[in-house]
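Heads up, the next two complexes both have subunit A, just with different partners, subunit B and then subunit C.
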Partner chain A sequence: MPRTVHDRPRHVGAVAVIVGGALASVVVGLLSLGIGPTGISWSDSLTALLSDEPSRLRSLVIDVRLPRAVLAALVGASLAVAGLLAQALTRNPLASPQTFGINAGAAVAIVLATIAFPSLGALGTVAALIGAGTVGALMWFLSTTGAVTVVGLALAGMTVQIVLSALVQAILIMNNSTQDIVFWLAGSVTGADWSDVAVLAPATAAGCAVALLGARSFALLTLDAFTAASLGQHPARVAGAAAVIVVVLAGAAVAVAGPIGFIGLIVPHIARRLVGARFLTQLLACIALGPLLLLAADVLARLVAFPTETPAGIVTALLGAPVFLILAIRARRA
Partner chain B sequence: MSTTAPATPTPVVSTDPVRSAPSDGATRRAVVIAVLVVALVGLTLASAGFGAVALSPTTVLDGLLGGAQSFIVQQYRMPRIGVAVLAGAMLALAGVFLQSAVRNVLASPDVVGVTKGAGLGAMVATVLTPPAVLWLAVPLGVVAGAALVTVLLLGIAKIVGSRGATLALVGIAIAALAGAAIQYLMVVYPSYADQAMVWLAGSVYGSTPNDVVFLAIWATCCVPLIIVCASRLDLAAFDDDTQGSLGVAPASNRALFVVTAVVLSAGAVVAVGGIGFLGLLAPHLARLLVGARARWLVPAAALLGAALLVLADLTGRIIALPNEIPAGIVAAIAGGPYLLFLLLREARRHG
Partner chain C sequence: MSLLTPAHPRRLAALVAATATALLLTACAATSPGNADADPEATTPVSTTRTITHELGETEIDGDPERVVALEFSFVQALDALGVEPVGIADDDEADRIEQLLGKPIEYDSVGTRLEPNLELVSSLDPDLIIADLTRHTAIVEQLEQIAPTIVLNSWEGSYQDIKDSVVTIADALGDRSEGEDVVSEHEARVAELAAQIPEGEDRRFLLAVATPDAMTLHTSSAFTGSVFETLGLTPAITADEALESGVGIERLLDVDPDVLFVATDGPGTVFETWQTNSAWASMAAAADGAIFEVDRNQWARFRGLQTAELIAEEIVQNVVGER
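Up next is the complex of A and B:
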């Protein structure tokens, strides 16, 4: 929770975490260019990336592997920032786009929309935003009633998530699209191309920019409305803005990569641990570490069952579910 | 002193079994049970009649006795229904006993991850052992998976306490982990993906007469356990001190309930996978209908579990012709909102 006083060494450490995380993201992203079923050495892929000569190798790197890495980075950043804001907004350490069912809401909407209007294309993102917004509004409403406990809210969110995931499966089975089930249940950046990046990049940029610009206001979300108002805030407006950012970031990420889970839950906790309580530094750390985590998960997803690819969402779930478990236990003890 | 279990969600039903005239309540409950039996038979006939070849109830009965449509009825329709009836009843009873053991209305095997753990055990056994010994390995795997999750859950319950939503949330986290592990194995071993889908989502699709026999044997072996548990269920509703003064050992009772719940849900998972929220819904509905006394609750819950699973399967077959929605998915969509309702009502009461 935000403290006004922070000591200098901590500050230096936070900068190191943010810069180090960003650099590591770039390194892992570049490394991921050399990993895939077509055996290209890492140096070859880098050379191909930098050369101007058109070649089969170059188009593989530029059109298949690079957009995938960029997309993973964008999705990671979007979900992490959405998670941080959701946790601040609901004052609930268990909040995240996935654990509150927002990802699944976007998934249901987009699956329905693509089936109803197959030529929807990138406009499916709009459907995803509507789905995410509906569930987000419901969860926010529940959290503001104050009657539901921290754990109860998370349980309600997970229940919504389970029901909506079942609905996704049912819809896909009804339309003979069972081959898409794992994607729409777990999420994946396999098969990403530049058009996906073009869909997500503006949303990520806008969401992160607004979050950064308003960081001072969003930091006060964790206070109660009365204190925030006495500090010159308009709590309802700030909260509304935060909710919109959460929905835009999560909805757009789901539209291109499916409901990748747990990134939005665990990255804010890692960030908080590493950089301390200042909201702005937490936000920057999320933007740096979210991409790192999802890129690493995607690399792992390609390696664990090589040459078969595992959806990155399964890897993040395997890593994230135990963390969720620990957080749930701690939420009770606190 | 109340005879309704603390696990009971509402200050249940106007008919307190002790205060109201015994014969009166008993008659009403007997009628409820009879209605449930009739409903189950009706659903069975409807389910057996529905399909690519529509059969009238008389044709179904005729087919059962070896008549004209006996092949369809005996080889396709009835095995499926038999599996649904047995597995539904087993999951519902597992819910009754687990809820009583941890004194938590939310602690049904499907909410707290026991069925997902069992599914993971089945999947691990399937990919690790040669096909020749699968008949043995899969049942061992499910029991091991279900037991492991339960031990983990009870261990955590020692830390966080077993009341309230925390235990359910912990269980859901465990279920998410087990579900992700099943999905992972599905991707790595695509040849088992169809079977894994059953364990992941829950379905009675493709049940064979052998499955019914297997499940019937498993259920029969559980009958003594069920009877013993049922006979101790009423006393288990008292707090530990009262139980002790009544000459009951609460800890060993709870252990017995847990073991029974694990064995019951494991058997159901082998055949149909985890059916979402069935083990939560059936005991709650049963308690609303007949109260918390074991002699009524246990048969009512079993009947409701069976009827609900047959209904879920029938719905899944009708709703998306010519495709089938697995019964587990239908149950999750229908049962999840009930869990939400429970949570919100709880919140309103404390809020």
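Up next is the complex of A and C:
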């Protein structure tokens, strides 16, 4: 990590990154309101947003396009913050909800639950949290044994992720529904509506709030347990709280948008590069930049084969996979 | 590899049996030449070789196949109309679908899913004809050919016309082309009767959408149901060369804006439930008109047979046009 470059005007720089990122997210979000198969222009969609006369146009913008943008922002923020906490918690730069198999754990649980109870609806989130929690606990246990190296742990996580993804495929093949949830499986906000936002928003708000309030304590997770304890911390409790936040944020995000990958891995790294080593500013930068990245990915996903949609998760995977490789090579050298 | 072995002795046995029969026949023919001359009719059916033209070329079929394996639902319905019970069906391991497809239970062995039929099971049934689908089975056609003569037809993305042609091709492969033509013309007469019940000037735009848990798939004029609509004199809401438009979100459906919408589901838990609660849903012509009908996904989107076409036509006449 670049610990030397940010000594001078880093405070101003960090504020600029956070405010700029948040503003850019809003701009991209508003731009995304102008893209869709019905061909409502950008200016018309803005007008519809501001008027309160009920119309077809307004319904499309307010109840179809807007919840999609809001959901993309929430998923982006949730995954980015979950990634940052996972990296701090395990002191592993390769940690993220996806690389540690937490997304896949949630996905398996949801697929199993919806096959058993098709009309589960929002309760699928509970299943997602259980799945995410189970894998989260396993990875946490592995990381605390200290027997596994940084890259080794990431490999273990990727293995868990691959095994669980294979399990999802097996379940779908046995159930003859491989074709039925391809969008959700790849990770997508295509079908977003306000009920999805209602499921995710409380989890995102609570997760980010606890992370911000406890930022000082979580920052010490990056130190070893002995040092943290000597600074008056209860390392185990703090770590437990961080793990719960990771599971809640990732599980809820997967429940509404599917296992979107790489946001949780790349955004914390981008944040660290841009704002330096202070945990609180990193956290704020993640909350600002996570939405920006996923909103941009979703806009790309809509434009790649317009008017046919592509899952946003495919775009994030294309962007994220090379970044993961670069990080893995760097982690090995370090 | 050990899984492969049971099939071979049987095929070997079949080969030996076939060779023996051939030798015996030759021997008989050689010993009694007068007999063969006297009654040529008796020997011709055994030696007729027909060339069946299908989607992937031509296949030689010797004699009248009796042990048929069908790898798509529509082929099973065609065989049933021709009075043949297949020995093996790619039934997606859901036997109740076959009962629903034919309206009666039949004896057969499952050969796995339509997407990935189990070649071992197919081979173990010792078929003398395999009917495969162009979209799903082109990749395994060579392996199927090694098991038995295989004809490839377009079912998955087939139009209504393709399905009707398939019935004739299948009848031809079974040894009686005219029976297939009869079945199709009788069917056409029934559909024409139903079509006549649709009032003149019915100009609403009809759409079939299959709802899954995360999106819808729209069936265009080139899809089976779309071309059934056209046969009935109705207008499909989407005219396109591609049969299916998949991964469709609510906005695309509203963009198509059908006047009459059929939503095919496997039951609860699809986007059909959530989308209806969206305020934009009501802006769709079909919603404003109360012309939205939830239908069975098996009958409307999976089976694609002649009987299915009649069932779809009946449902349209009864529920949609009749009400006006």
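Quick note on the criterion: the second predicted complex is superposed on the first by the 322 of 334 C-alpha atoms of A that agree within 3 Å, B and C clash if a C-alpha of one lies under 4 Å from a C-alpha of the other, contacts with A are read in each partner's own complex, and residues count from 1 in each chain.
Heads up, the rule we're going with is that contacts are C-beta pairs under 8 Å (C-beta built on N, C-alpha and C of every residue); 3 or more make two chains touch, one makes a residue touch a chain.
Fair warning: this is a prediction, and the values are worked out from it, not measured in the lab.
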| item | value |
| --- | --- |
| Clash or fit (per the criteria above) of subunit B with subunit C on subunit A | clash |
| Contacts of A:L167 with subunit B and subunit C, given as first, second, both or neither | first |
| Touching partner for A:T308 - first (subunit B), second (subunit C), both, neither | both |
| Which of subunit B and subunit C A:T144 touches, first, second, both or neither | neither |
| First (subunit B), second (subunit C), both or neither touched by A:S195 | second |
| First, second, both or neither for A:M158, with subunit B first and subunit C second | first |
| Subunit B versus subunit C as contact partner of A:V64, first or second or both or neither | second |
| Which superposed partner A:P322 touches (first subunit B, second subunit C, both, neither) | first |
| Subunit A: partner with more touched residues, subunit B or subunit C | B |
| First (subunit B), second (subunit C), both or neither touched by A:T222 | neither |
| First, second, both or neither for A:V182, with subunit B first and subunit C second | both |
| Colliding region between subunit B and subunit C, picked from 26-34, 116-124 or 206-214 after the shared-chain fit | 116-124 |
| On subunit A, the residue positions that both subunit B and subunit C contact, one per complex | 173, 176, 181-182, 308-309, 311 |
| Subunit A residues touching subunit B - in the complex, by the definition given at the top | 94, 142, 145-149, 151-152, 154-156, 158-160, 162-163, 166-167, 169-170, 173-174, 176, 181-182, 185-186, 261, 304-305, 308-311, 314-315, 317-318, 321-322, 324-325, 328-329, 331-333 |
| Interface residues, subunit B side, partner subunit A - complex | 106, 156, 159-161, 164-166, 168-170, 172-174, 176-177, 179-181, 183-184, 186-188, 190, 197, 201, 276, 319-320, 323-326, 328-330, 332-333, 336-337, 339-340, 343-344, 346-348, 350-351 |
| Partner subunit C, residues of subunit A touching it in the complex | 36-39, 54, 56, 59-60, 62-65, 114, 118-120, 173, 176-184, 188, 190-191, 193, 195, 258, 307-309, 311 |
| Subunit C to subunit A touching residues, read off their complex | 92-94, 113, 115-116, 212-215, 245, 247-252, 254-255, 267-269, 271, 273-275, 277-280, 282-283 |
